[in-house]
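Shared between the two complexes below is chain A, which has chain B as its partner in the first and chain C in the second.
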Partner chain A sequence: MSLNLLRRPFFWIITLVIAVFAISPLIGNDVQLRESLALAAVYITLASNLNLMLGYAGYINFGSIVFFGLGGYICIWLVNAQGWPLGLSLLAAGVGVSTLALIFGLGILRLRGAFFALSTIGVVEAVQAFVQNFEPWGGSAGIYLSGQVFQPLGGPARALWVIYFMMVAVMGLSLYLSYAIKTSKFGLGLLAIGQNEDAAAILGVPTPRYKALVYSVSAFLPAIAGGLYFFKSAFIQPADAFDLSLSTEALVVAMLGGQGTVTGVALGAYLYEELRGYLLVSETFSHFQLVIAGVLLLVIVLFFPSGLMGFIYSRFPRLQKVLE
Partner chain B sequence: MLGIFASIIDGVLVGLVYGLSAMGLTLIWGVMDVINLTHGTMIVAGMFALYFLVSALGLPPYFALPPVLIGGFLVGVLLYWIAVHRMVGRPALMSLLSTFAVNLVLIGVGTGVWGTALFNVAVSLPGVSIDRYTFPGAHILAAALAALIAAALYFFLHRTRLGKAVRAVADNREAAELVGIPTTRVLALSVGFGVALAGVSGMLIGTLFPFTVLSGDGYQLKGFVVTVLGGFGNPVGALMGGVALGLLEGAVTPFVPVSWTLVIEFVLFVLVLIAFPGGVFARRGVM
Partner chain C sequence: MTALLELHRVSKRFGGLLAVHNLSFAMREGEILGLIGPNGAGKSTLFNLINGVYAANSGRIVFSGTDITRERPFMVARHGIARTHQIVQPLTNMTVLENCAVGACFGRENLPLGRATEAARAAAAVVGLEDRLHLLALHLTIAGKKRLELARALAAQPKLLLLDEVLAGLNPTEIDHMIAVIRRIRDSGVSILIIEHLMQAIMSLSDRIVVLNYGQKLAEGAPAEVARDPQVIEAYLGDPKLAAELEGKGGQGSGAHG
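Right, the complex of A and B next:
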């Protein structure tokens, strides 16, 4: 399968995108561009992984931010209190959160459709209550990192570049993962669940196992992205880690680009990040970020449920064969 | 020992108000298979309506009930035309997203204007004392009003022509359409009633506890727990589910920190869904 992937043009398109992300801020040492692309990379990571649930299996996860926030907490705590190196902490965050998601997914795998979506809302509330009461993680005050932690990466200035490249790598992995799953038997099973879960089960798709598995897989890279994000700001607290707007924006981005497509979600993330950057500059809009996200989502859901890619596919049907 | 007993009775009083709120959620759910994710925010809207009617117009707290009921109904009808009408009959995923989007807009405006400051409406009513324990008058009156409104809704659904039309549409929309019921109008009315109930229960909760713009999330989650306890689309079950949840809260509160209550309720939500997919108090053909 892996050799097969190398022969497909879409694989190389993803690789090109990653290369552009990695190289363009290096030209002229453009820190401002780097910061904006870093945020776009986080959006793409969150939205692509959310899309595994939303676009493939047709399951809404309102709690995707939990993966990001918990990943951040585990990583920061390991670096700060246990003195682990960053790389190992990130890996532990990813594995830890995925495992939790798998256990939880197996617990609620009997819930279907809307009930599953409702229980993901509950997960956010429950995890937040846990973290706020968990003393080793600083309760509601959070954890601060000292400047020392950047020393192994060659000082704060260089560390920001290292973290940026790691974020781009996580974004790239998310895109490859989305693509690999879409072309696999597992992905086909998920798409079948998305279309008609009963029919899929009758045809032999192990639906509960697939759902729990995709829930767990979609937790891994966002947890690592969370670790990087909060390591970069050297500070984490519950209000930021489980920020409702980020989880919402991931949904908006996935719907904007076109749920179930790999390109659309990446495109949507990039466009949304640009739009957001543009709006945040204006004083009036910066307070009403959620309002804009809400209006955008409502318009997409009501009038353009297949998103940007739906529009592009209908205009240029032949692109459907190249752009997944 | 009497302490727990008092706590449980107080829990049941508050639980009746939760039940009323869940009736609004379950009504919309039962009639058109739409889960209203603005429910929590509509509860908060009821709280804020109470606050401004009391502080700006100087109304006595309970006089806010009729305007909140009417206002909630109108908001609900508007919500139907904006976010629900195009979603009826489409996968549940889409109506979840559309009501979620409206909720974001409301929360965004709310936090933009009022921030997350704590609001409080002072209600002074004489309480009822048993031995060393006093049950606050506001809790008793809120529970009584909730029971009264719930009874009125039951009467409406079972004894009036329009109420029967609502139940007919819930039962089978196409058949209802065939016998001449204007289903779209009934759907809009149902969302109106659902939101009005959310607003009124918010107003009643506002007389009991302080609140912020973001208080709705917790109450919405309670609404879901109550709804699954009572069986979907079953208003009577919802009231009983509310009482059951209040009972549980009352029994648990003396032993567990307040911030854990939501976690316990959420675990209950998942367990009930797995054990009783149809609801604990489900009865066939109630609605």
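Right, the complex of A and C next:
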């Protein structure tokens, strides 16, 4: 399996994307490009992992942001209060959030359709309410990191580069993971669940276990991305960490690109982030980006249910053999 | 002969309705057992009880010596029971090959993906879908979807196949083709429990027949015996002339009843 992967063109396409992300801001030390790509990498990470639930298993998760926020909190707290090194804190955040997701998942994944979607919003609200009242994590004031935490990474300026490369690595892992799952037996079972859960169970797909597992897997890398994101801003508070609008944006991105595809979701995330960046700085549209996201979602759902990739595949059917 | 499937006084109640009531029968290995009865007699409910979609209120279902009464559908599939649906349930946005691969991956053999794809190809060939492997299931005709149901179940390499009206909605040519396929499957050693309303077909296919009425067993025996049974004629066949035809004396009357 792993050796076969190296022979597939799509594996090398992902590798190429990672290389472009890693190298292009280094040319000319372009800090502005780095910041824009860092955000794109976070969006790609969130959307790709959301896609495991949405595009593969067919479950709409409005609460994917809870993984990102909780991961951020665990990591920041470990670095700040426990003095753990960044790498270990990130890993702990990933493992911790994944474990929590597995436990939550076994419960709420008994629900289907709209009821599941609603319960995921409930999870975000519940976790946010908990964190707001949890004194060790600073309650609603949040946690501030001192500049000292950047010292082990070679000072603030160098730390930003290190964090950027780690973000790109997490993005790359998300893409490889999406691809590896899609071409595996686990992925086939998930796709079957997404198409018709009852029929899948009758064919022998262990649906409760697979659903909880994919929910848990889809939490791991977003939690690490959350750790990196909030470590980079050196500050975390509940309103930022559990912002439902970022969850919604991740859904828009996945649907814009084409849910269930690896390429489409990544492309959608990149394009959306670029658009968002443009809207945020333009005077007319400043803070208008969520309105645009909403309209975009409506248009996609109504007219392009298979997203960007659906359009590309219909124009260039041969690409279906190369891209996933 | 050992019993492959045994039902011991199985009952299923939906609110005030007793869909299956104290039903017992056994099936031998290698047998084709026909299940007939009027609409609402509990035939499909019985299938759903066997493969775990519904939990029985009382009674026991034993498959190959294992009690499967309380097992979930995906566990039942692992034991080697596969089924087709009366209303086809294709995985619409997946190809014919992928549909069959799901059956092979998660069925009795629990195959890895690569070998499952091989098994899926073989199963698709048995039902005559080998030239449509890469077509999305939603683009198949009704006859094609019925065959896909069968191929997917076969890919699991089951010991027992539950066929729920695989002939309904097919034209005479397609029916002949399907009957030939079912015979071939039985010859390969798979036992078959079949629900069918096309009397001519089920009488000629089955080794034995169980007749259900109001969730209870009305009669059991060889097709000719069952067709002669006055109770069966009254409850289901209705028409003595049709019964006579089914005994093999009559001509080409098709006689889909119920």
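Definition applied: the second predicted complex is superposed on the first by the 323 of 324 C-alpha atoms of A that agree within 3 Å, B and C clash if a C-alpha of one lies under 4 Å from a C-alpha of the other, contacts with A are read in each partner's own complex, and residues count from 1 in each chain.
Please note the rule applied: contacts are C-beta pairs under 8 Å (C-beta built on N, C-alpha and C of every residue); 3 or more make two chains touch, one makes a residue touch a chain.
On a predicted model such as this, the values are computed, not experimentally measured, just so you know.
By the document's definition of touching, of the two partners only chain C reaches A:205; chain B does not. Legend: residue contacts after superposition of the two complexes on their common chain; A:118 is shown touching chain B, with no touch to chain C.
When the shared chain is aligned, no partner comes close enough to touch A:314: not chain B, not chain C. Applying the stated contact rule after C-alpha superposition, one finds that A:132 touches chain B and leaves chain C untouched. Of the two partner chains, chain C is the only one that A:184 touches; chain B does not reach it.
In the superposed model, B is the one of chain B and chain C that contacts more residues of chain A.
Using the contact criterion defined above for the overlaid structures, shared-chain residue A:195 touches chain C, although it does not reach chain B. By the touch criterion stated above, A:151 is placed in contact with neither chain B nor chain C.
Looking at the complex, you find that chain B touches chain A at residues 35, 82-83, 86-87, 91-94, 96-98, 100-109, 111-112, 217-218, 220-221, 224, 228, 257, 259-260, 262-263, 266-267, 269-270, 273-274. The part of chain C that touches chain A in the complex is made up of residues 51, 53, 72-74, 77-78, 82-83, 85, 89-94, 98, 101-103, 105-107, 110, 112-113, 116, 152, 156.
Contact residues of chain A toward chain C in the complex are 183-185, 188-189, 191-192, 195-196, 198-207. Partner chain B is touched in their complex by these residues of chain A: 58, 60, 62, 107-108, 110-111, 113-115, 117-119, 121-123, 125-126, 129-130, 132-133, 244, 248, 251, 255, 287-295, 297-298, 301-302, 305.
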